[in-house]
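The following blocks contain the structures, represented as structure tokens.
Here subunit A shows up in two complexes: once beside subunit B, once beside subunit C.
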Partner chain A sequence: MAVEMLSYIEKESPVHRLSGGTKLIIFIMWSSAAMLTYDTRILLFLFIISMTIFIVSKVHIRDIAFVLIFILIFLLLNNIAIYLFSPQEGVRIYGTNHVLFEIAGRYNMTLEQIFYQFNITLKYFVVIPAALLFIVTTHPSEFAASLHRIGINYKIAYSVSLALRYIPDIQRDFRTIAQAQQARGIDLSKNEKLAKRIKNAGAIILPLILSSLDRIEVISNAMELRGFGKNKKRTWYSIKPFKRADYITIAVGAVILTVSLIITFHDGSRFYNPFL
Partner chain B sequence: MKRNGLSIKTIVAIGIGSAVFVILGRFAAIPTGIPNTTIETAYAFLALMSVVFGPIAGGLIGLIGHALKDAVFYGSIWWSWVFVSVFIGFFIGLFTRKIDIESGIFASRQIIQFNVVQAGVQAIGWFLIAPALDILIYAEPANKVFVQGAFAGIANIITTGILGTILIASYTKTKSQSGSLTKE
Partner chain C sequence: MKQPIIQFENVTFKYRSQQEPTLKNIDLTIHQGEKILIAGPSGSGKSTLAHCLNGLVPFSYKGEMTGSLKIQGQETKELDIFSLSKMVGTVLQDSDGQFIGLSVGEDIAFSLENNVTPHDTMMKRVADVSRLVDMDEYLDASIHALSGGQKQRVSLAGVMVDDVDILLFDEPLANLDPATGRHAIDLIDQIQKETNTTVVIIEHRLEDVLYRNVDRIIVVNDGEIVNDSSPNVLLTSDVLQRNNIREPLYIKALKYAGCLLTPQHGLAHLNTLQTEAFKDKLLHWFEQSPPAKKRTLTHPVLQLEDVSFTYSGKENNIKKVSFSIDKGEMVSIVGKNGAGKSTLSKLICGFEKNNQGKIIYHEKDITGDTIYQRAERIGMVMQNPNQMISKHMIYDEVALGLVMKGTYSEEEIRERVENTLKICGLYPFRNWPISALSFGQKKRVTIASILVLKPEIIILDEPTAGQDFYHYTEMMEFLADLNAQGITIMMITHDMHLMLEYTQRAIVIADGKVTADDSPINILTNEAIVAEANLKETSLFDLAVLTGIEEPVEFVSKFIAFDREVRKAWP
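For the complex of A and B:
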């Protein structure tokens, strides 16, 4: 059951050298730009830039292939679902109707629908490299420091750091409990009926949760003894100071965000319409 | 020692709670057979944490747990659904303040109270907020996201109703009841 998950990959590249705070700010700006815009030109532009940054970061595709495959399957299912539920969505948005061929009833293939679904897919393709790169190039302990850097209370930043620290431990606990329960004949696989499976899931998550609640007691006592939270501020072991490259990156990111929002909204619609 | 802000225990509960949310969301989700819709045991756990540690912890576990789960396992964050987790964690915590779990009492009155709150909060979250944000952010077709939201909502309300109630009841049993000592 060794399920892979994304984590920090040590490499020597300009992206890795940037401070975690910079990468977090860029990630937030990038996601907002990609969420707000539906302008195909902007999306293509952002997509090309994120691909470039990806190449600069020297991260190998095969290191993240398992996530990419999963996302591609999700996008495929999502596109099929969109078409099944609303084959005329593109026509509604763009206001014109160029039928390529008829299938049955309200299901036909229009240029508008293809363009609309292409845009949705492109939107995901813009966000995905940014999120992947942020996780893969930022060390977890630097992540908490960078959260604090952008103005989040250090206690909350510390919770995030605790979460990252304990995900592997809890995953191991989960596996141990699941195997122990399976040895006693509790089946979680497809062979069981749905209601039975939910009941069996309970038999695994109950011990997991109760042991985690114990863990909370132990950790908070340890932190209490070390005087955590006594002062208003704290310093971080793994913080990277802002350098010139960081300021330049943030400035460029801010310009891209502003320009893309202006271009998107200047004609009063977030959609770019090539059919008019 | 008096401190301002969150207590150490709440901070640790947010951290560990988020980690458990991530693991449950990834490994203890049971597929229902409808595409992209699973029975999420993580929300039963989120309800437990909200009831025990309050609205701030609940909301932050929803935020950190869901965002981290999306990020480390799926490589991108679906903000519209993350927001729903925050909403659910916060409001279940807020409206169940009257249930004093540390006193060791979780009888039928509290069970009904908990389930009314969780069903109401989750109904608003999954039936209204999630589809509305999906339309706003991703411009997905309205009927698709409302059907998805309805399935997810019904599945999560039932799961939390059964599993969440069992979880809280077992947690309460580990606490000694107030006034359980008798004079001999």
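For the complex of A and C:
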């Protein structure tokens, strides 16, 4: 069957037991903290907590390996791009210049640049576990409810969660259509040249759109006939009420966010400078 | 006198995109607590009529509506789709597509959520309704893991949760295997009795609905009501036949035998039928009808040897399946929803690769061949033509397979495509856009696009699903013609009569295994197989037994041969 990426992973853990709303709020606070600060000490601290929570959640690395590899490749490209476009960024920020070796022109390798890019990478590693955990430990039924809880219009929240939910169905349709088209000689496998493969993919898009439109018509009629969109608000069957653990988690999250912001900004610079 | 609950007065409706009105001067009154069946061929307007009740017309599908339609005394034009959905609960045709929630409880609760019902009230109401349809133990189950019958229960609960007074079923039997369809009719009956709701069923499979009592049958054709009477009265007339709706088979047999039917004969059900009155005529007809022809077998064209397959890598979905198909055969593959019929056809076409076993074509092992290599020998027509069509014009769509090969000249392609279009009766439309075709015609285009590659075997998934009796006959006669020209045909179907009528052999799949491989009539008279594979016996057989005919199997065969001859005379 098609690879199901980024879908809910059923496990019994404290992270799974938290309400989806809590996880979303924590995720937002966590990413704000990680985005705003360049303070290596804070990033390391957040990183250690991220890793701990990840272990507590009992989600295995292999369950999310595909997405993780994808993100890591992106991270690598990002690092290369940063170096190509501003090789002297570290020197500019930290004000010192410890050259390790020269490459060509303005491209040299400095301790400052390495340290700067290390910080960037660390930011990714702080946010990645939080983002992935929010997605794979929140039951899809609760997903829309959590978005709605933080004030997003429920129609938008529901559209997002329906879209996520239909990804496996669309993948299945795609597979069936691709097989049927292959039977007529429209090959999408590696035996065909890339240009031809891209052209052939067109033969799958039209049937895929048509059958998806059928699907959309049915589901939108079904929703309308059962009163979706009638009121400004709606309630949720599968919402998890906030429990003590949720309040504690949010409180701890808020404290971490505040403290990390105070430490980051107290000396007027977002960077921690070990070179001084 | 009962209260009228639905009143159509001179209702005419024209869709915005169409020239002619789809409904014309409809006058119809339905009373509180009645159970009504609305039947009609494709395009007759019966779905539009249903959409008027639930508000999809005119609120979602726009158009012009004149006349007056009152539901519970309120003019629908002055309401909106949401207030209507409080009065009329609709169970849609598509048993999978209409689920919104992921778990049983969530789906049942959907309407309550939209009504801002507090969480504790909602939980209680969901528990109550699920008990009513016997699904209270499955509240946390994922909908995808349910059987077809259970899904039907959930979708029913999802509309009943609103305490509606009218339940509307839009083709509830489509896509269900025969036994599940029968349970669905039972369920509707039971719910109606328990809750005293008014029930409106839209369905063209009349005999299956009549399995339980119906108060009135409304026949719609060309946007007009052509019949409004009790089943017993309707069945004496020729209204069904004139409007291309299949009559119950036992009624058809009585008519062929020249029996004079009156409403007093208890025609609506086989168990109320006064068989004594018809005994002599039926026996006489049986004796003077010529015996049905038997076909002789040739040599095997396709053989499966111990084929096994698994999707998940754990349990096998197909378990050691072996059978052999002879050249020129027409074979049905039947069984429950989810038994593995589609998977098996995918294995034969190479869409999936079997883990074990061999697939042999003309004594040559083709297990290792690719989809493309197999496509020249075995063609597959999927159930939904929209999943196959990738061009805008009919000619281009049919030519696609040949063009992709790249070895034919334009002249050769033209000749082959035109020949195929002629065989499929599509030649006059060759320069039409596909979007202008009806569902049945689209299906023909997909068959043509497979035929043009000249495969020896064609596998069709539900070739007649969603088509009325006229189009069913047209499609099946077309396939029978192809078969007569030497093409071997395998069909996956839930239609028991199709299997009886058009195929000489049926392979029953249950739980990934072949559990029977015999003539359709032998299969349908074997109670154990019928029960295990969710099939349904034919009323013809029961009729023959009830009237004391000694060779009921032969009676069924004779009827089918006779009936097909009669229908061949159709325009």
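In this text, the second predicted complex is superposed on the first by the 224 of 276 C-alpha atoms of A that agree within 3 Å, B and C clash if a C-alpha of one lies under 4 Å from a C-alpha of the other, contacts with A are read in each partner's own complex, and residues count from 1 in each chain.
Note that a residue touches a chain if its C-beta (ideal position, glycine included) is under 8 Å from a C-beta of that chain, and two chains touch if they have at least 3 such contacts.
Bear in mind that the values here come from a model prediction, so they are computed numbers and not experimental data.
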- Which partner reaches more residues of subunit A (counting touched residues only), subunit B or subunit C: B
- Give one of first, second, both or neither to describe whether A:228 is in contact with subunit B, with subunit C, with both, or with none. both
- Message: According to the stated criteria, A:219 is in contact with first (subunit B), second (subunit C), both, or neither; which is it?
- Response: both
- Query: Where does A:160 make contact in the superposed view: on subunit B (first), on subunit C (second), on both, or on neither?
  - Reply: first
- Have a look at where A:71 lands relative to subunit B and subunit C in the superposition and call it first, second, both or neither. first
- Task: Applying the touch criterion given at the start, work out whether A:101 contacts subunit B, subunit C, both or neither, answering first, second, both or neither.
- Result: neither
- Query: So, A:210: does it touch subunit B (first), subunit C (second), both, or neither?
  - Reply: both
- Task: Enumerate the residues of subunit A that count as touching subunit B in its complex and touching subunit C in the other.
- Result: 1, 162, 165, 202, 204, 206, 210, 215, 219, 223-224, 228-230
- Item | Residues of subunit C that touch subunit A when the two form their complex | 54-56, 60, 81-82, 85-86, 90, 92, 94, 97-103, 105-106, 109-119, 122-123, 126, 158-159, 162, 311-312, 346, 349-351, 370-372, 374-375, 379-380, 382, 384, 386-391, 400-401, 404-405, 449-450, 453
- For the subunit A and subunit C complex, residues of the former touching the latter: 1, 139-141, 162, 165, 173, 176-177, 179-187, 202-204, 206-207, 210-211, 214-215, 218-219, 221-231, 233-239, 241
- Item | Interface residues, subunit B side, partner subunit A - complex | 1, 3, 5-6, 8-9, 11-20, 22-24, 26-28, 30, 32, 35-36, 39, 41, 44-45, 48, 60, 64-65, 68, 71-77, 79, 137-144, 147-148, 159, 162-163, 166-167, 170-171, 174
- Query: Which of the residues in subunit A end up touching subunit B in this complex?
  - Reply: 1, 3, 5-7, 31, 35, 38, 64, 67-68, 70-71, 74, 77-78, 81-82, 85-86, 89, 93, 120, 123-124, 127-128, 131-132, 134-135, 153, 155-156, 158-167, 169-171, 174, 178, 194, 197-198, 201-202, 204-206, 208-210, 212-213, 215-217, 219-220, 223-224, 228-230, 270-271
